[in-house]
């Protein structure tokens, strides 16, 4: 099966998608579809036409409407700024296109709710780019927890820490404007941790959140200072179903401590996911603190793990954690498209919406001086 | 000046004190006093008489009353279980002895308040064993923060994680009984982090706390199961004066992740204290994430830092982090005794009381499902 | 300028080349040429035709002769087993094609000498895939050493340690047969360290070498045991011009210690290249052991460094160390082709030949119980 | 049994001995002797009399003759500069005292041979301070290798790297004068690695050695420059019985890379001893590179391991690696004294002599441009 692929946007994350997708023929990944780069939607078509052509896109269009109206286009991959996700999704869904959308799903839960309703109504395959799920380390943790390798999980600590924004010279971007991004470090980075907690441990019941904005204004491209109105640091306490508790921290200012990791503690052992250093496996410890190695054949009883290890590029043909993980996430989505039904454990837009509800509860908590706020999945 | 020293208790922590104190003559530490091991109070004098003698104690007594009634005894070092600290302090203070007391200062803030009142009334030198202050890494962080090396601190993360209690075979001890210990991982380990936050960053205004008890019963020395009624895991969110926010975590179950560390983030850089690996200095980072090395001569403008680096044993004569740090804390106390006044930055019983108020606010928060509880320094 | 590219072989390393080359349009790398995938030579054309087509190759051929006879083909990238490099080079050079050849350059120095003579006679651009040179960490070390950042280098230690061959189940391959590979761990991995020493420190004068073969036979694809007649572990002492001395170690059996690193010690400081963990920069230390950060603008006085940091993909668009580094090496070669002359610091076939002379001196030493053997650049 | 102990010297290493010995009563170590600090020999008795007294020494003497003539003195612990070891040993042995001597045993093998002959003639217990043997990590490696945990060892890499001497301000000391020290980094640090190789892997047959002296002169205490005539860096290739090969490196200049570690590779796995970070256990890996944990009860079939884990201070009462390890080595010696016979695996003066023969072969190799030199245990 050949899937005709349309891409919206050609920023860094769109390129990351392409770096993997374009090399699919080389990776010996067992999928029963091929990808045809059908069309690129760019707001700067003149500037990008050469790149689009070199990459193999058959055409380039200058509106989303034109993209989704392409007859034989099967899927749309939305890599535009967050505030555009909702309207673009509505357009694509109404045109019957399957949709892959970068995270966070949208600017707020009204938007995400609309999006969920629309993709369900249009009956299109939909997936949000909660890509952290799609590497063997997380898949292995997922399987191992279910199989009791560390006993009952009771606590966790997650950190997604970047650091480049502490330099005041760093320029203003849409990511630092609430109306365009929906939030700061928490919405951009923390959303991954929120999804991991939900995926690995269960539904989040309530959240306490503290945030801060340290660099309060930055120069835009014209050299004029503009206000930053999003968080660049956030710390959350989470209460999760099954009496699991823990904290997550997201930062864009953590100089010296860049990290993408999560500790999960259980009553029979613990596990440590350190994606910056090992996307292939968590480290598991038993009650005595000795390392244990769950048998991968045993883990493979878990269908999610089993499929991920097949899809994830072999380490000898790795294109690095970011490309490999984004690619696997995209291949998961395309597998759903090829199969004609959404695979189990897909982070659908519904999942994106639920994560958004946690995010909003967190921001509400932050505005209430950190008091715990219940996450109501029936909201808004 | 010769200081006649009395020790209450001969458990592990008392021995740790002695390992350092007895070797003072070898360490070339510039103090103007010597220490005379005058008397040991032990509830098992017959069992311990030989050790006491070999260590150089002039006598061994079997009640605290006898210890404090020794005429020429100058100081009492209280290394008994927590629930005994208060009454022993009252006895010692009323006898006019200077008092060094292991942490936490007592079982609850009523006791710690009594103790503060008594030592102030009796006008004796008093210090609680918040020993983490007393190593060059923490002293350097203290000086560097005041001197603006990392700019204004705005966030932190502290971890004091042990792991040996996850094994269910581990026996019952007084540490696991609330009425004897005053609390679990948080009271025993977290109290150090509470003190570090207060010492390095400022007064804690409010606290949200989640705790858990995983191993709920253990066999006592007679093989009978007893209930554990203290936390073996605790996670706190803290709001600190000057708009500083952060989390600390204390655990006795963190298999694979034993740690004694603190990250502090400022608007010009960050610092990382990792006491298990380097008690001599934090690691400092600038805005770009590059390591910087504050000049120790510059840091030495800070009187606390200056004195600590003199008192702390030279690395060539180190007895390890625990002994070195406890010894320096004790030498600090004895310097106050020798000087006839309490040195600045001493963790006095007042400091122990204030940390206890944070601890109690935390436990109150934990019982209120994690809601933030204000720490009222005028309580109880 | 469009460069018509021909590839010989489609094994893992050929795919690694393609993973980078095919994504060139996305990487914003400032080169003044584009790459046209003209033809693939494969001994299994039927099996690979689909992949070749999907990758964008215009044609697939089944002999090297056919490849090099393609009129408008500009360059040939040789990714075949080592024992084929020589004859394929001769064919390509005689056809006037520019040649990029995987390492080691050939099976022995008679072959490498022939190859050097032929490319010089044919006046084609030639480069051997000593790719370790082509990352910012090594380029930075190269510039910093020349600029005296660590003073005069006097000693080094290099390690290229793999581990997967300790498992006896691992199958027989041409890499384990001397007549096809020219050597084992030393020829395959150690050759990179030999090149790094030569590139960073200077010509190697003499070498002492010890080797061992631990797994002495393996099953081939038909399940029949065959002898392994190459080293899977090698340790070398090297004496380098300018009175620099050090050791390198190459292994395929170093379970628990996979590494790709080099320490260089100078009389004013040291530097540590750890390519598995940071291909962007070495770590530099001064006389006191404190980290220093040479100013990249200062380093950029070094033309090699300056060009490498331009060619090397931005970390946001990284495809991982292997792909990024191979790609940069290939872009270096193609830049020479586009410029019409070989760039300075290119690892030409002459460099490949000189490294081969060191390799052979090492194997000779190993056969003489480790005695030092002089490396004669006028040999063979 | 009470052992009357005499100490020669009161430098840093002597103090390290005392830091442990004086605290023996607190450590719950199961020995059937006590230690009486009988006498200290110091060349500066006036300066040290106060310290000696405070430490509990009954007397202080100003010549070695006086020390060894003390009637009831049982043992002499020699902590003086290397060039004095021989004559002091002869005096002590002739007086019938048991002797513990710091490493290296003496300045050259003529001296060490004399010392061996004398202690054998006098029939006194004798041990050289090859203290690295005396920690659980090395003892565990020793037992595990014998029990086949990593299969047959075939290769190793040892590093003992210090760094403080790169600063030119560092003053001249006897350690930098060949006639007083017998050698530089190799004699002072490398000797430990030589002993570990011999202890863990077997007799060294031949050695190739390269050395260098980087800081060639230093100011003495009067501010006058003096020549350094010893190595501050040394790298050795060793060929060991049973076809084991490897390298060791000793340095006083390795800024950024202080280390005390050894990798040992076997045909079924590997082990890594990292004494700076874990003196309690090596890390063991199996064929697949996964960590394995030999059962300590199984290891305890090894009598050396069994005794070491009993003697080595409990981690809760640790005085740090240096003190704990020196203490255990001393307790081993004193156990031999108490038992009236030298325990198996003791590094006797004979062992010290054999290590000295390796050292001299290494220096001979260094003077012969690194050619392999056979180690002849019948020399000199």
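Just so it is clear, A, B, C and D label the chains in written order, and each chain counts residues from 1 on its own.
One rule holds for everything that comes next: a contact is a pair of C-beta atoms (placed from the backbone, for glycine too) under 8 Å apart; a residue touches a chain by one contact, two chains touch by 3 or more.
The structure presented is a predicted model; accordingly, all values stated were derived computationally and were not measured.
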Selected from A-D, B-C or B-D, interface repeating A-C by over half of its contact pairs: B-D
Most remote chain, CA-based centroid, reference being chain C: B
Separation of chain B from chain D, taking each centre as the mean of its C-alpha atoms, in whole Å: 36
Distance between the centres, which are taken as Cα means, of chain B and chain A, whole angstrom: 43
Touching two or more other chains - residues of chain B: 291
In the complex with chain B, residue positions of chain A that touch it: 154-155, 157, 163, 166-168, 208, 210, 212, 214-215, 233, 235, 237, 239, 243, 245-247, 249, 251, 253-258, 263, 265, 267, 269-270, 272, 283, 285-289, 291, 369-372
Contact footprint of chain D on chain A as seen in their complex: 290-291, 293
Residues of chain A defined as touching chain C within the complex: 12, 15-16, 18-19, 22-26, 34, 50-51, 54-56, 316-324
